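Below is one structure, written out as structure tokens, with a few remarks after it.
Labels run A, B, C, D, E and F following the written order; every chain starts at residue 1.
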Amino acid sequence: MKYIDEFRDGQVAQSMAKAIAAEADPAGSYHIMEFCGGHTHAISRYGLEDLLPANVRMIHGPGCPVCVLPIGRIDAAIWLARQDGVTLCTYGDMLRVPGSKRLSLLKAKAEGCDIRMVYSTLDALKLAQSMPERQVVFFAIGFETTTPPTAVAIKQAQALGLKNFSVFCNHVLTPSAITQILDSPEVRELGTVKLDAFIGPAHVSTIIGSRPYEYFAEEYQRPVVIAGFEPLDVLQAVRMLIRQINQGRFEVENEFSRAVTRDGNEKAKSLVAEMFELRRVFEWRGLGLVPYSALRLKEAYAAWDAERRWDVPQDSPPDNKACECGAILRGVKRPMDCKLFGTICTPENPMGSCMVSAEGACAAHWTYGRFRDAEPGMPQGPEPEEEETE
Amino acid sequence: MKYIDEFRDGQVAQSMAKAIAAEADPAGSYHIMEFCGGHTHAISRYGLEDLLPANVRMIHGPGCPVCVLPIGRIDAAIWLARQDGVTLCTYGDMLRVPGSKRLSLLKAKAEGCDIRMVYSTLDALKLAQSMPERQVVFFAIGFETTTPPTAVAIKQAQALGLKNFSVFCNHVLTPSAITQILDSPEVRELGTVKLDAFIGPAHVSTIIGSRPYEYFAEEYQRPVVIAGFEPLDVLQAVRMLIRQINQGRFEVENEFSRAVTRDGNEKAKSLVAEMFELRRVFEWRGLGLVPYSALRLKEAYAAWDAERRWDVPQDSPPDNKACECGAILRGVKRPMDCKLFGTICTPENPMGSCMVSAEGACAAHWTYGRFRDAEPGMPQGPEPEEEETE
Amino acid sequence: MCLALPSLVTELLADDNAKVNLGGVTKTVSLALVSDVKVGDYVIVHVGYALSVIDPEEAAQTLALFREMEQAEPAQ
Amino acid sequence: MCLALPSLVTELLADDNAKVNLGGVTKTVSLALVSDVKVGDYVIVHVGYALSVIDPEEAAQTLALFREMEQAEPAQ
Amino acid sequence: MTLPRRAHPRPLDLKTGRVDLTHGGGGRAMAQLVEELFIKGFDNEALNQRNDQAAFDVPAGRMVMTTDGYVISPLFFPGGDIGSLAVHGTVNDVAMAGAVPLSLSAGFIIEEGFPLADLKRIVDSMAKASRDAGVPVVTGDTKVVEKGKGDGIFITTAGIGMVPAGVVISGDRAKPGDAILISGTMGDHGVAVMSQRESLGFETAILSDSAALHTMVAEMVAAVPGIHVLRDPTRGGLAATLNEIASQSGVGMLMEEALVPVKPEVRGACELLGLDPLYVANEGKLICICPEADAETLLAVMRAHPLGVDAARIGACRADTHHFVQMKTAMGGMRVVDWLAGEQLPRIC
Amino acid sequence: MTLPRRAHPRPLDLKTGRVDLTHGGGGRAMAQLVEELFIKGFDNEALNQRNDQAAFDVPAGRMVMTTDGYVISPLFFPGGDIGSLAVHGTVNDVAMAGAVPLSLSAGFIIEEGFPLADLKRIVDSMAKASRDAGVPVVTGDTKVVEKGKGDGIFITTAGIGMVPAGVVISGDRAKPGDAILISGTMGDHGVAVMSQRESLGFETAILSDSAALHTMVAEMVAAVPGIHVLRDPTRGGLAATLNEIASQSGVGMLMEEALVPVKPEVRGACELLGLDPLYVANEGKLICICPEADAETLLAVMRAHPLGVDAARIGACRADTHHFVQMKTAMGGMRVVDWLAGEQLPRIC
């Protein structure tokens, strides 16, 4: 597979590991946050931590659209699915995420709601065309990459005069979330946490370009590398960031120059700008309320806005109090520092944002990396061992 | 079971058989038509033919509402079931009857039509109340006994303001059919067929009383006994008719005086009179067009008339040309005189009226009595024997 | 289709219905087509409706007729 | 969720769609968000849409960088 | 610090939980369902091996194998449920060869959304039936289908057993002159199930006769190893089953209506619904066809067993090239007792 | 005059006919379906007895029994259909004990309205698979459920077989140091099925690997009677199956990503769908765990068999109180290969 296999070459990975080890200052330490769950997944799935020196620590950021969606929005989606005549559709990743009382879209489906998995917004549109007697609501989630596809579907619905299609919009913005992390007291004021550099997600920048990162690289004096999702892309980005740190630079560099430009995809950007506006504030699971961090449909597109069509509940039930996601996402804590980790919080029963999808920090560590903190004689395998904690 | 078991006493049956044998004139012959399929069924199921002398012959009349319905009306019912949003319901007996191209309601259901079996018109009404988004059509069939229940349901639909309930009316009248048989050339003019007497169905007379038979007992000079459906009722009726024939009387006698009066059920009769009117002519399977032999809803009840609500097709596809039902129903022929009988016409694949329900002449003979004409060495059991006839 | 069964009325219910019993089996039927039915009456039930009420005396007379005939028959 | 895969455009279809190939698997994707795509181009596919076109020269340069590093490394 | 943990942090929610697609997906949720419900419920050595197949020792000899799918509606009915039925029905089909049942397999096809509480009730009942019968469910399988692609739960069981040496019981062995015996009243199961159909709107106190007949069969075979035919009159009832046998063996049959035991309530329900008890399903009765000389012995054995107290001789086989099953009616007339044309009521087993 | 007649005057309409409720009612229509479709299709001595159970002779020894329900959607897929799958899957579960399959049972649950033509196609394919495997379908059952209460057709097969003397193969016998072998490429079946799902909208030339593995197993067992574990990585794929075995045997495992054969198209489809080939179902592959000393012998035997040409040693078992299945990735890092959380895609078997 061209442009994939070359970036998964194990031989090259070993060389890169050596190069990184050679460049990293043994006396110092490097705290690098990969913002995006796609990177978290690549790091875990390929075991890249084992290729990095001990003093290079990867901090798994909040960049998984499934993880960051607060429970209240999942409850709202289930509420929508339960309305008379509604067929709710969404990307597969959302189906298993539990809302309040552990009810997920999958469980709501089992109870009789009409809920469908789609692979593309156009599938949702086709569904609406094929069942004119039902209201098809697309539960839209994701960062800058999934927003333009949502916009295309609404445009087409408009062109087709489709009256039974609408969007429950939950699109969120990458730069605002990074800013929020850098603005947190632990990082900015107390200095208790080191966050030296960022890896930015390539696919987001295919749309927004690399330019939006320039402001805060400068403002917060942190280097940024836009990188692809293949393992060599990630390793290369780490190497580039170490070099910037060593050299005291804080620039935006582009590892994914094969498909990312400084300005991104103008066509997609203008479509989004035409159709969406900023929400004043939006709740992120694990991060709390983040100003200007999400989009909603403009008044002109109200007809396709599920939140305007239905009186969607706006509750925000809290996560388990013991959940340490907030601290984990800022690099203050690690998954195993949470006392729920692996005991009552697992991918099958996630209690917080970081466990919700395979791309979350806790889930990735549990699923791929938990052998690293296993102590001999302390079984974590699938055998029943002791009575229940909860 | 009181009023049932006493009328099924085998000991008494044997005595009656002897009494009948004693009363029947060995020199003469007695051709008695039981009009109603209920009687046909009782005769077959209890093997009553074996209790009658050879010169007392029972002729199975057309009185099975399932059998008499022409193919075109079944096609029409299937057509209705196929209309958008229609749920068709009817008594269970109708489901298996094939219309054109062997398609039955059961097969239409298998193809996806919403077709339900009900035990009472009130079940149909409840169905309509429970599914307001669908049009519930009751496929109404039957003689004078099922017409009042249909009327009650329409009354209740009216009272409830139910707009999604209607009736596809196929109610037919007993006396008109008997008249038609007596008016047939074979019976009336050519005298080729003896039809000496009639057994009238008790349940019909619980509604219409015994009086409607008085006209034609007189006019056609044939005795009539209204009789119940238990085996002793039937035997007793035969005995009463033999006595009338022997005595040259042609009166209407009432064997079922325990529940039939001369005038019948006034409440039911007036309900039917209020709501229904005579059709000028109606097709009976096996009998052809019979004048004034069926009912339809009056204009005032047009809102509940499926034939007025939909443009129900009025085709009348013919039966298999080889089918001898017409002759069988008049006593001119017997089932085994039909060359399709038991070869390609069986209860699973009925080709004509008399094979359609267990109460038809051919089906009853096939199902219960075919051992009587079996010749040794001529297998009729379920083993494959020779190549197909058709 | 042509079932018409004598059943014992055991209970009068709302909406002109009654509970009837046949050989230990109970069922709800409509009394919309009959008048003045009482608990203890036997009614002729057909497609969920009572069509008429059984007259016990007439029934007894019919059965008496049967018995006569049986007695009339010489013992074998 | 975060899949973004370089796929070869093998056919341009009606309604601004294209057929793409990934490791022998073909799929129809929308070109609504990109311009001037030709057969033979590699596009980054995400949730059924092409988000951008791969620049082969830039890709070659990135790979060249990797190779340099590998060569720089002393043979073991 | 990572704490020790159980395989499944939260036990199955057997009160309000529902089956969802993950329970059939081959992952942890399925493993948990299998472990906490099926293995716990059926608990036996072979199943506890947790392999995709169960292993056990068998002696050399004549083995029988059978299977039946259970799609009954409603799932719970007076006298049983789909779980106990799925055990009894298959144990009986094994026993009808005169065989001693050895073990059962069970395949579950569950509709998404099915309450775990109902599933547990079914598994418990199935496990009890299996324990009571002494025939373990040694292996099983679970599939989950999407909402609207099933009807709550379907269970398919298969069973095997060993035929005692010298016993040859088969539907093709009926001979003219053989006696036809049945072990009790006809139609109880079908009527009990139908009484639960809301649409039929009737009530009775009748219980399904659902029961495992193998212990009675063992006693019968011990007393008369030369039994010709055994069969349980399930779908299609006595009538369909006798016709099957008549056709397989190439004989006619003549039975007497007055000799066929039917409970008054079953008779009443059949009158109401226009059914014939001869065509109504049984799940704890058998037909036995044997040399006339053995009839009394077998009747005595059956009547001495709790499941055969109403056993009766209802007729005999005879030579008939037409293979007619005929019956002398209670009125003294004669009739054919034919195959069922079409279906009576769907989904009673 | 009554003419001689066939049992069923009109043969089943296998072109345009559909299954209706009478085909499951126990009457003539059902008898006809069984006769003209099932008995004709599967045609073997035991089934032809037409009893409710099949009888056959078995030797003394260790028997295995297994069952699986098949609810795959779509019913027909590249490389097979639900019929052949229902034979292969159950033959394989028997074979995974090292056993020689003896016979199968088949229970059909059919949705009203299912085309008889499709049913015939499935029965024919099933009969062919059974003949090719030399494992007859000796007994069966048919149920018909109302429209909307099923999904076309579900098939549940059960199978039995005899384990050769001295062979003890079970999921709890893996030992630290044992080699882990697989018989070929991973994920073919799952991807072939998914490629037929309209909603996924992709196309490949991949065929399901659906196949009966018992002849290869027989050769393996003959060469190395001391095989510890055999299991077919079906639902949940290699990952779920290895975790099952690790947990049953109480061992850890270490495999190497680079050693696991995966076809490029399977890899491509998995990339597109965000799946991991390690979790995708196979229906004609096996995992073999054996003493390291026997690994090469077994690989040679497998590779000499048409179903094992791509056989590979992918890793080894090791002592690990956590029973982790771990993998050295192609990048040289290490990861856990965990159970599947939730389901991947429903209804692929």
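Rule of thumb we're sticking to: contacts are C-beta pairs under 8 Å (C-beta built on N, C-alpha and C of every residue); 3 or more make two chains touch, one makes a residue touch a chain.
Composition by chain, UniProt nomenclature: A, B = Hydrogenase maturation factor; C, D = Hydrogenase maturation factor HypC; E, F = Hydrogenase expression/formation protein HypE.
Because the structure is predicted, anything quoted here is derived from the model rather than measured.
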Per the touch definition, the chains contacting both chain A (Hydrogenase maturation factor) and chain F are D, E
Which chains are shared contacts of chain E and chain F? A, B
Between the pairs D-F and A-D, the one where more C-beta pairs touch: A-D
Nearest whole angstrom, what separates the Cα centre of chain B (Hydrogenase maturation factor) from the Cα centre of chain D? 75
So, what's the distance in Å between the C-alpha centres of chain B (Hydrogenase maturation factor) and chain A (Hydrogenase maturation factor)? 72
Intercentroid distance (Cα basis), chain F paired with chain B (Hydrogenase maturation factor), Å: 54
Give the residues of chain C that touch two or more other chains, as numbers and ranges in rising order. 1, 3, 5, 22-23, 48
Name the residues of chain A (Hydrogenase maturation factor) that each touch 2 or more other chains. 1, 4, 96, 106, 119-120, 123, 346, 348, 370, 374, 378-383
Scan chain F for residues touching two or more other chains and write them down. 7, 21-22, 28-29, 31, 201, 247, 264, 267-268, 271, 339, 341-342
Those chain pairs meeting the touch criterion are A-D, A-E, A-F, B-C, B-E, B-F, C-E, D-F, E-F
Under the touch definition given earlier, write down the residues of chain E that touch chain A (Hydrogenase maturation factor) in their complex. 1-11, 18-22, 28-29, 31, 112-113, 147
Partner chain E, residues of chain A (Hydrogenase maturation factor) touching it in the complex: 96, 106-107, 109-112, 336, 339, 341-346, 348-349, 370, 373-375, 378-390
Please give the residue numbers of chain B (Hydrogenase maturation factor) that touch chain E in the complex, ascending. 1, 4, 8, 10, 13-14, 17, 44-51, 96, 106, 117-120, 123, 231, 346-348, 358, 366-371, 374, 376-383
Please name which positions on chain D make contact with chain A (Hydrogenase maturation factor) in the complex. 1-6, 8, 22-23, 30, 32-35, 42, 44, 46-49, 51-56, 58-59, 61-63, 65-67, 69-70, 72-73
Tell me, which parts of chain B (Hydrogenase maturation factor) touch chain C in their complex? 1-4, 6, 9, 11-12, 15-16, 18-19, 36-38, 41, 64-66, 91, 93, 119-123, 142, 145-146, 148-149, 152, 201-203, 206-207, 229, 232, 236, 255, 257-260, 265, 267-268, 271, 357, 359
